[in-house]
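Chain naming follows the written order as A, B, C, D, E and F, and within any one chain the residues start at number 1.
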């Protein structure tokens, strides 16, 4: 499972990277969001999967899946969400002000 | 247990939040923000004294023993950086009082500024890899907000790049965390150090250390500095100065922490790579610094050079190199903020950042001019100013490690630094005076205080280096002896 | 035996999800895709339910309810957007 | 046959039936010609499928674990409540965005009605 | 001995006080008068040391600066430093006296001038009296900086700034190189103390770094002393006010390099490398300077080149003298000591005659408004005193009796002749070049000395070309050069007084004790018989006079050498090329294009991470511990991949968003599969809210560019390679990390969370308790984002920016 | 074209919102022992508000709930930090939580933990931020 997941995650990274390398801001944001999924799954996978029941006490389970990665991912998800929100708004403000969503036209070499 | 450790994080955090609630009262915000940064500085000094007397201070947050909870640990290195951070932040804040403008003030400039400091302080203090990520994020998010605060074209344009690049680096950070957790199964830095030492830093662990190296390089601007010139020239001066003074330093701190505490077993791979990256950074930075006749560009490329040079000290992995790096790091924080403040002032006076369009300011602004001159010399490491000892010891370190090329590049770039910065001085301050004081676009009213404060410090740090030398020594020893840190974190 | 049946069930569900994903990719119209998303959501509810049974744990019941809620909200948001171009409206009198 | 085994069989059967219904609806989702017809498949039958599955799960846990889950019931209720609304909204938005009806459709009543209204107003 | 530290400190204190004095007194009195006291008193004070120093004593005094690192003002006075100290303060006093008349108190920014000057004087004193090499470096750079400021004293002039920048770049470059050498020395010897370093000579000689560090230190000395090819800064430094040229750029600062070489002679001397470098470069510089001086039309430039040449002379003498260290002391070798003696002697002589010459040139400049030889002429009748002074200075420079220059010149000839007979360091083969070159250089020296005197004072008076009518200078301006000129004469007649009291003690610092302990032939005498040296001198005078008379015939030869190959051009074009090249390089990669930056980042990532995987033991694959895989999981994975690919290939942004939403839901299912209910919940909510946000922002965002044309994402092979690369590295890393789990995770501790934290949900317990601080800062991040979004949308300075632009 | 009305949506929303609110509160409180907690509870709450925004319009909702959500977020974080600062009083390390069991009249044996207070802060911060973001964006034209 872990190996398979690793490959899946790698594919996510590849797809995300490809999107990031395009010029359109929206695609870039989508790319980051795919990579973020990859990252979260990676943390989870690296914590070892399916080693036991959910990390909730009080059920009959004796062994539990490693809870730390889950806690980490939770934090990471929230932070990514926050950053994405900001990035999204930033992009649309940038689009409104600069008048393009093409990052190649946001070089800024021309002096203002 | 020492609850003092959390204060540098909590004071600006709480005060900043309270200031959000009192949005309209700007005077109050000014007072509170200055007071809280001063308080943070006081705590940091207190920590330094405690470090001096009782060694490394730790706080197990929530009372959970390491490695289970989050540990805050302040060794001398951290405490020194904390103190410097407060000074730099205070100066930039004082500068901002006069220059930042009412709109930005009423749109949460001061709170977000404090939040930035929260993140920076947290990063310096934490002893937990993942918490470092969180603190980074606090810092980064605040920097995104500060960078885009005002939403001018240039700011937005550069913010987009800055945010994306940092977003990627955050992802990569998490990737690194995932890998290291898989292999070692812990996040506490001290625990990592113990376990890495126990397992022997084999190929996999070294490889993971390189993962982190890339991540932090991105933040520190070590070779991956492409985002830096743009984003440091976009925001208002006070913000750019605080960025220049603090942001890359946090990344550097992380590299130092990680490669002295955890991954120090294979210096011929990791540290050599750091040295190579540092050398390339210095060279590219120096090339960039001499290339342009634009104040902002010259200054930002100088930031990059500083990064490479400090890393050279780490690459040497010797006590002299560490001492030098600590000295230089402190110096760099102060001096970078200083030259950005003065550079910004020049730009606001003349209304342009092009060197060819300015001339002869020294007649109307002699104090500013001489302070810039002092800063310029300090920046280039001319004795007896603040950069000198750092330069000497870093060079000594690299020579001791027999990386002569590295030390040589460091010295040569410092010449180019001097060349580039003197270009500003000679063009902006010398020459015929065209602008009379009435024709100037801005004024220096009230902003000389922070500039003078930092300049004084730059001189003091050089001439009175003895005053902090014992602290710096302690910091360098701490960096070279990871077991001290480990012992402190795990208690007796 | 029970486990086998559950596996068969989940097999069907996965097939439906794949079908929905097909629809999501194929389209042809945007509402089709939204519908497919909705269908994926609904199917996921069933998947979670079966996994709960398989693992004999009640830990995921919250997830079941939440998927229901959120896929509803999501669908409405999409529908709104498609219809009006705006997700959240200002007062219409203005 | 104890109540335990019986309930288990009932539960699992319900689940299986639910899943098959879902599958059938998915077949509909793939095969039907336009968005309006597909919405029937997607909303009606898959709702039913989910309901069966959830009910099965509910039964399973009541008897096997003695766990009476309000959340499951609430979930069933919620899906029941909202699925038609979402389907309705999707179809409406589809119509409003001028998604073509399939050629096999008998006729478009709403169009005529709207045209009439427009002429009036 | 505490006074020794005070005399160094006093100038610095004065530098701080001067601006205040200026404010108070400038209306009434030239503040130079105040400043004058300082060097004068120090000079007197230093004179009192002569008896004890000449008795062979040395003095030390320790002032702590940074004792932690052994960087202290370890003051040390011996003969060498005393000679320099006297020069610095003596000439300093005269120069300040001169400057009082030279610089008008009404027009000039005197406070700047004297601040720089005091700074320089303090630094110079510190330099010669320090024993700690790092402190030497500190003062060394301070002299460079103050020289920079003094050269650009008239900062409005472009030429001044140019000269200042040039001198700064070159001297600081040398300083840095010297620092590198010093650091190597300190690593080898583990001390910063000059004397301790000298005592570990053998260690240094045997070290592999010996040669590089010697070169590095020599570069420092050569740049400061304007040795070839670093000499180019000195002529441009003549933009400084003339007192400064007299003081810094002929008498003191440029001699710092000489001082350094002298100081290091005991350390490096006696090796072939040192001998050849010092004497070779020195004699080359001598030739270069003297040849170039002849063609100059600016009097100060002429003097500058002459200074270069004279410095080369002293340098070569030091080099030759160092040979003695090879032999150790014996009767035969002691004859080479004469070279060292000549070096120190000429050092003093040069300061006297060159100082007076500069001052005379300053007078000419001051009184006629020009120093262009072509415009000058016939001043003899207007300025007889100046003429006398010029004659004394020039003839001393040319090496004619009865002036001190003759003595040292003769000794120089002796030294080179002796050197050509050396049988070490391959001197037996090419040593003969030494006297030849020396002789040629002397001829040129003679020629330019004559030019200096007779082209300006002789010939026809051309009043139309002068800015103001020539007349004799005020008395105050004549006194300092007169004093120097009288010294020139006095030294000729009583050389041995000087030799006994000053030169020999100074030699003691250069040469081994045995040499100076015995009273060897160190008598300097004007008449030493009809020997080679005297014939050489006569030859110089004869040939020189002929050349001077025929000057017009052969001066054209200079233009044969192409201008574009001169060192100055090299420097200028080098600097310009550096700037433009740097710009080209930087513009090449700093394109401002986000895509380019991302490509750099990802490329480096692939490179480093990929390289890391190649490390031994890094990559491993081990699937034995993997959890089992079910078919339905594979099915969901497939769906996820399909959804992700849909995002990639989506032609419309809505499709992309929907696919992202689907992907998010499927990821949530994976969280369920991996037993992470909390995560699944969070993922679901966050996904939905994110989708809602996307939709909200769509109102403001443009559609995909190609949406109308119904084309998908543009395909770029580079992008594909990079993205596949990133994916591959991440995967391989993940696989090997998974295969090399070394430790049990620490998480088993948390299984007691109910007892520890009263929570059954371990994840929640970790979030709010064990790692509560993470969560605290995480919601803090959220809040900042809330504020950030708010400010981004509400605060729009861009609009105003546009308005302002429109106005 | 005639404006579409939202009668169906609105009537369902009323019911749904109640369910979501209840569920969120449940998630919030069960978080200590079951999946859920402050963050999810808060976001659920925010989701319910979003639903309201979706089916009505901004002004209507704002008339009924006139809170400055930025301040809600800020106060939330302050509460969370406050629970941490409380430990200063007891000379315990920052953010030390404590819990105990009490017999309350109605609820029976109840666990009271400072962690719950922390969670309240989390929830408030989340709600505040989410709603602020959503509202600010939608107010922007």
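Points to keep in mind about this one:
By definition in this document, a residue touches a chain if its C-beta (ideal position, glycine included) is under 8 Å from a C-beta of that chain, and two chains touch if they have at least 3 such contacts.
Everything numeric here is computed off the predicted structure, so don't read it as measured data.
In terms of the stated touch criterion, the partners common to chain B and chain C are A, E, F, listed by label. Of all the chains, the one whose CA centre sits at the greatest distance from that of chain A is E. When every chain is reduced to the mean of its CA atoms, the largest separation from chain C belongs to E. In terms of Cα centroid distance from the overall Cα mean, chain B ranks first.
One inter-chain figure worth recording: chain C and chain D are separated by 11 Å, centre to centre, where each centre is the mean of the chain's CA atoms.
For the pair chain A and chain E, the distance between mean C-alpha positions equals 49 Å.
If each chain is reduced to the centroid of its CA atoms, chain B and chain F end up 37 Å from each other. One finds 25 Å separating the Cα centroids of chain A and chain F. The set of chain A residues touching two or more other chains comprises 20, 25, 28, 42, 45-48, 53-54, 56-58, 68, 74-75, 78-79, 82-83, 85-86, 89-91, 93, 97, 103, 106, 108. Shown for chain E are the residues in touch with two or more other chains, namely 592, 594, 598, 673, 675, 677-678, 680-682, 685-686, 688-689, 692-693, 696-697, 700, 730, 734, 737-738, 741, 745-747, 750, 760-761, 763, 767, 769, 771-775, 778-785, 787-790, 792-794, 796, 798.
Contact of a single residue of chain C with at least two other chains is seen at positions 10, 13, 15, 17, 22, 30, 34, 36, 55, 58-60, 62-63, 65-66, 69-73, 76-78, 80, 82-83, 86-88. Which chains touch which is summed up as A-B, A-C, A-E, A-F, B-E, B-F, C-D, C-E, C-F, D-F, E-F.
Residue ranges of chain A in contact with chain B, taken from their complex: 20, 25, 28, 32, 35-36, 39, 42-43, 45-48, 68-69, 72, 75-76, 79-80, 82-83, 86-87, 90-91, 93-94, 97-98, 103, 106, 108, 112. By the touch criterion given at the top, residues 55, 57-60 of chain C touch chain A in their complex. Note for the complex: chain E touches chain F at residues 677-678, 680-682, 685-686, 688-689, 692-693, 696-697, 700, 757-761, 763-765, 767-769, 772-773, 775-776, 779-780, 782-783, 785-787, 789-790, 793-794. Those residues of chain F that touch chain D in the shared complex are 1-2, 4, 8-9, 12, 15-16, 19, 23, 26. Contact residues of chain B toward chain E in the complex are 13, 17, 20, 61-62, 64, 67-70, 103-104, 107-108, 111-112, 115, 118, 122, 130-131, 134-135, 137-138, 141-142, 144-145, 148-153, 156, 160-161, 164-165, 168, 172, 175, 178-179, 181-188, 191, 195, 199, 202-204, 206-208, 210-211, 213-214, 218, 223-224, 226-227, 229-230, 269, 273, 284, 287-288, 290-292, 360, 362, 377, 380, 382-384, 388-389, 392-393, 395-396, 399-400, 404, 407-408, 411-412, 414-415, 418-419, 422, 426, 429-432, 465-466, 469-470, 473.
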